[in-house]
Amino acid sequence: MPIGHYLVLSGLLFAIGTAGVFLRRNLITLLLSVEIMLNAVNLAFVAFGRVAGTNDGQIITFFVMTVAAAEAAVGLALVIGLFRHRESLNPEAFTSLKW
Amino acid sequence: MGSDALLFYTFAAITVIGALLVVIQKNPVYSVLSIIAAFFGLAGLYVLLEAPFVAVVQIIIYAGAIMVLFLFVVMLLNVPREDAAEWDRSHPLYRPMAVRIGAVLAILLALELGWALSLTTGLGVGVAEGADAMSSVQKLGEVLFTKYMFAFEVTSILIIVAMVGAVVLARKREE
Amino acid sequence: MLALIPLLPFAGFLVNAFVGKRLSKSISGGLATGVMAISFVIAVMQVLALAGMPPESRQINQTLFTWITAGDFSLDLALRLDALSAVMILVITGIGSLIHLYSTSYMHDETDPEFARYFSYLNLFCFFMLMLVLGSNVLVMFVGWEGVGLCSYLLIGYYYEKPSASDAAKKAFVVNRVGDFAFILGALLLLVTFNSLDFYTIALAVKAMPQEVTFGTLSLITLLLFIGATGKSAQIPLYVWLPDAMEGPTPVSALIHAATMVTAGVYMIGRNAMLFEHAPITLTIVAIIGAATALFAGTIGLVQNDIKRVLAYSTVSQLGYMFLAMGVGAYGAGIFHLYTHAFFKACLFLGSGAVIHALHGEQDIRNMGGLKKHIPITYWTFVIASVAIAGVPFLSGFFSKDEILFEAFVEGHQLLWGMGILTSLLTATYMFRLVHLTFHGEERFHGAEHHAPAHGHHAPAPQAHEAPQAHQAPHDAPWPMATALIVLALGSILAGYVGVPHALGGHNSFGAWLTPVFNATNCGQTTTTGALAGMAIEECTPVEERDPEEHAGTELALMIVSSLIALAGIGLATYLWLKHKEIPARLAAQYPGVHRLLLNKYYVDEVYDATIIQPIKVVSTEGLWRGFDVKVIDGAVNGAGYLVSGVSIVLRLLQNGSVKTYAASMFVGTVAILAYYLWR
Amino acid sequence: MSSLITTLTSPPYDGYIAYGIIVSIVFMGLQLMAAVMVYAERKVAAFMQQRYGPYLVGPKGLFQPIADIVKLFFKEELRPKAADAFLFSLAPIISVAAAYLAFAPIPFGAPTTFFGLLDEPMPLQVSDVNVAVLVIFAVASMGVYGIVLAGWASNSKYSLLGGLRSSAQMISYELAYGMALATVVMYANSLSLREIVDAQRGYFFEGTAFGFIPHWYIFPQFVGFFVFACAGVAETNRAPFDFPEAEQELVAGYHTEYSSMRFAMFFMAEYINMVTVSAVATDLYLGGWHGPFNIPAELGGGWIWFVIKLAFLLFVYLWLRWTLPRFRYDQLMSFGWKVLLPLATVNLILTAAGVLYFGL
């Protein structure tokens, strides 16, 4: 399988994630889109690693996953906190810079 | 085309469709499910890339833990389907504009990526060619605990911080 | 060990400054005095150790830590004890502890916090003074130099709720600032010239140079340093602060403005003797300024009526003496006089303090007299000190003064010698005028308390126990003051015998002790290291002394002359102010102009005010403040403010709190960067 | 072609028939197991409560399960109006699929020739994955989605609460579960269940007086076994951790709204999960098909040992259920986070140290 395919796929996923960040108005979906972007990057890493014949790509993937886990935990906690304040998950509802 | 290519396209299709559904779905629960599907696709791709460990970990961590957390939150808040936009028109950068900008940028990015790929050489190199895969769990472990020791430890600190932060943030303020 | 000497007083300062409020008087005072006494003991031990060494290498060095490291230049915070600083630390710690002791009873009517504050200042002063004399390079000395200035400011303004005191403090500070500015310029010039600030390194470097006949770098450096000295040591033109400094408590005047701080300038010149030696022009200036100051201050002292001011002017004039000595290259003699002067002048001040104490704050000698039988101890010590300062033979003042005069004469400055003689006449006269008006004649001090409020704060007595003691006879000094007085009196008798001149069969051991320092022939460890090591070795040969016997005859003759002059002065004083008191008044009436001129100290303050202060005021008010400050600086500041707020009106739109907008901007950046790498 | 693919698609031996046989054995076996467990559970419960239990249908009510299945078949499919149709029907499928899938990499017997039917012995295992332990773990973690989605999709507060509880509970106990697995993996220095089992052949203290003690990991790893057991029970939502379906509190928890076959699926899933966990425990700690003495191939071979141990563990399951009361929810959480997890971690560290420094 040529690596180009994997790269294109990865770019595609990344674009989809970005689009999600811009188009969706739901904090949780935003977070999901971010996860998609992360995974796109992971795919690229692993593919490159495979081509290079090293396993650094996979290692980096683990780190990305860890970060993703931390990000999800904190992000969701934030979402819960925000939801308590305004009964909404629309990011536009949280434009006030202080309350 | 070989079964390998077949598998690749199958998994790629699953992944892409899943990702698209995530963005398209209005209902967060469905979004979560679709992203899980996408992750399974990715896991398949990792297997194709001879990274079975990554594949399984992808399932365990992403699909098994992180997404359960998402689902949990979705249910806890019982988020409704995305409500129609109430746009803040008082602001010059109000959302439709933002969306347009975003769309334009997305297109730009896509073009640039395409261009970059077109410039790149050696895209035809098969992933399986060249060196054989270094993906035995033992090797991964060795590298992880020798070469990437520091990063690994830092990661653990990061996790701790994240846990504490999550607990603090989600705690009910008693006022 | 060496470091302990300054650090002990510092410790005392810390304690008194921070927990002093809660300490009782006996504790805080005892502590302050105790640390001084201990550091005196240590100092003695160190000096003995020093004396044990061979004269060529009499040095004790201690590097505390590396202070500055900039490029290849590095500066240690190092202490060095050598013959010269040995004399100084003995004077400072010894007389310092005596004065601490004296203060414990003199300041006893202060409230506890004030008392602690006083002693913390005093200790801090001692610390800085010791740093000044022990510092092995110019910068450490400068630290001490500034520190003592600060302490003197604090102590002059000790009775800060009194306007005159705080004004005097400010005056002292500002005037000193002028001198210090020159001093630091000189220090920097030293640095750029010799790329070092260590005294010995500089001295040896200079020694290798030829003498500077025309006005060159060395002359400039020395001149700047000397200006600094005039500020610190109250020489023309910067002497004006010292008389006003008498607003401070009397022990302070004794310690700072007589014994130690004001002699810093003299010490500094002695420390850089080699430097000045190679700048004859500056030396001449120093000599002339010194002589002029001596004479000038003496004449003023003749007519002053405030007991402390008389002493202050006498101090100025004695300092003039020392500078004269330095100027004619008789460094040993200068330091010798510094050393003896410390004793008798401190004794005089403390005596005056005792008098003021006895009279519950009276300072005007016109309201004194006849105190002899009331306060015998004070009287006798005071007289001894006066005799000593007058230069009557075989007291300390005699030896040092005569050495100076002799040196001046032998070095060929007959004119300066004449001025010196005249000054010593004046000295004898005004000192005994003081003695007579204060202690002899009829008692004019009844109802002293009516005058008390005018000087209410000089001594705490009036507020404290005026009512009970209003009309009872003045009481003599309590034991701590008495002790200090007696010790100092003995000192002013005996201190001179360490330097008995050859003419009197002695062999000026004091001078011998100091000469190696001034010739920089003693090469301590510091000089044997570094770039100058080689030079150090070949410089280590002692230079030949002037044959002591050569001028013995001249010296003897001069001695007789000056002794006669001194006695004449005393006689004159006795004649004028004890026998025929109407004569001075008649004289004053006869030459009212002269009298007023003297009484108003030659209107120097007024002249300065008119020529310097007012112009500066005008310039700074109109030009700098209304002009530059308001328009340019404030304008710039406000302009910046306006600019920022203006810009942020636009930028605010970007920070709209909408996460997506931020994401969009981030995304723009990504696209831009990618595009750049593609188009590149 | 990559290694895992080979193991998953083309069997490690020739003869697809045999492979099919194995797969069907496992599939049918699991279903049978479920049925048997239903019966057994009732009987055990009755026994413990001094009752008869089912005794009408067939001898000693042996056919009771069949009756149940028939009943479930012919019941009406109910679905709440407000329920989310798609997910409502998807949830049980996920559950049961995960349950079946989890058994795939589990070996349950030494390679056998089926009494000489095959010319070469074939392993009693659907697929020998070299990261089997992780696969099981992953699939097990998938099982939760069935429950959670069922709870959410049926749009009823009881179901939702059940779903939430199960998701929280599973996340909490997966950690301890994984830790216990990791410990054994470290101990056996392999991720393949088959290798782990083979590592448990033989005896401790060979040739000494204690030579009879079989080389099972439960002996050095009893702490790990305890943790694994607790976590396993919690993962399968069995008493005393049966919160998702706490009758007294939530009617029937996540499957309150389910009926007929969909309910049957959940039911089956639950029992199959029990079987799976027990099988894994057997392989990891009880030496799989290695017993105190060897059973000759003529009598069927080692898998009999396996079945015996499995049966014992399943009995323990029932025993627990009918003996212990249910925890309180906060007790559940604090037990999981404050007891099991630290215990598992310490055990892991100690074992690591032992393996590293004493070469256990």
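Things worth noting here:
As written, the chains take the letters A, B, C and D, and residue 1 is the first residue of each chain.
Just so it is clear, a contact is a pair of C-beta atoms (placed from the backbone, for glycine too) under 8 Å apart; a residue touches a chain by one contact, two chains touch by 3 or more.
Note that the coordinates shown come from a computational prediction; the quantities given were computed from them, not determined experimentally.
Compare each chain's C-alpha centroid with the centroid of every protein C-alpha atom shown, and the nearest one belongs to A. The geometric centre of chain B is 30 Å away from that of chain D, both derived from CA atoms. Averaged Cα coordinates give chain A a centre that lies 75 Å from the centre of chain C. Here the spacing of chain B and chain C, counted between their Cα centres, is 79 Å.
Among the residues of chain B, those in touch with two or more other chains are 4, 48-50, 53, 57, 65, 69, 76, 88, 91, 95, 98, 102, 109, 113, 133. Shared interface positions of chain C, defined as residues touching 2 or more other chains, are 656, 658, 660, 664, 667. You'll find the chains touch as A-B, A-C, B-C, B-D. Across the complex, chain D meets chain B through its residues 1-5, 84, 87, 130-131, 134-135, 137-138, 141-142, 144-145, 148-149, 151-152, 160, 163-164, 167-168, 170-171, 174, 178, 191.
Chain A contributes residues 18, 21-22, 30, 91-92, 94-97 to its touches with chain C in the complex. By the touch criterion given at the top, residues 653-654, 656, 658, 660-661, 664, 667-668, 670-671, 674-675, 678 of chain C touch chain B in their complex.
Those residues of chain B that touch chain C in the complex are listed here as 88, 91-93, 95, 98, 101-102, 105, 108-109, 112-113, 115-116, 119. Of all residues in chain C, only 655-660, 663-664, 667 touch chain A in the complex they form.
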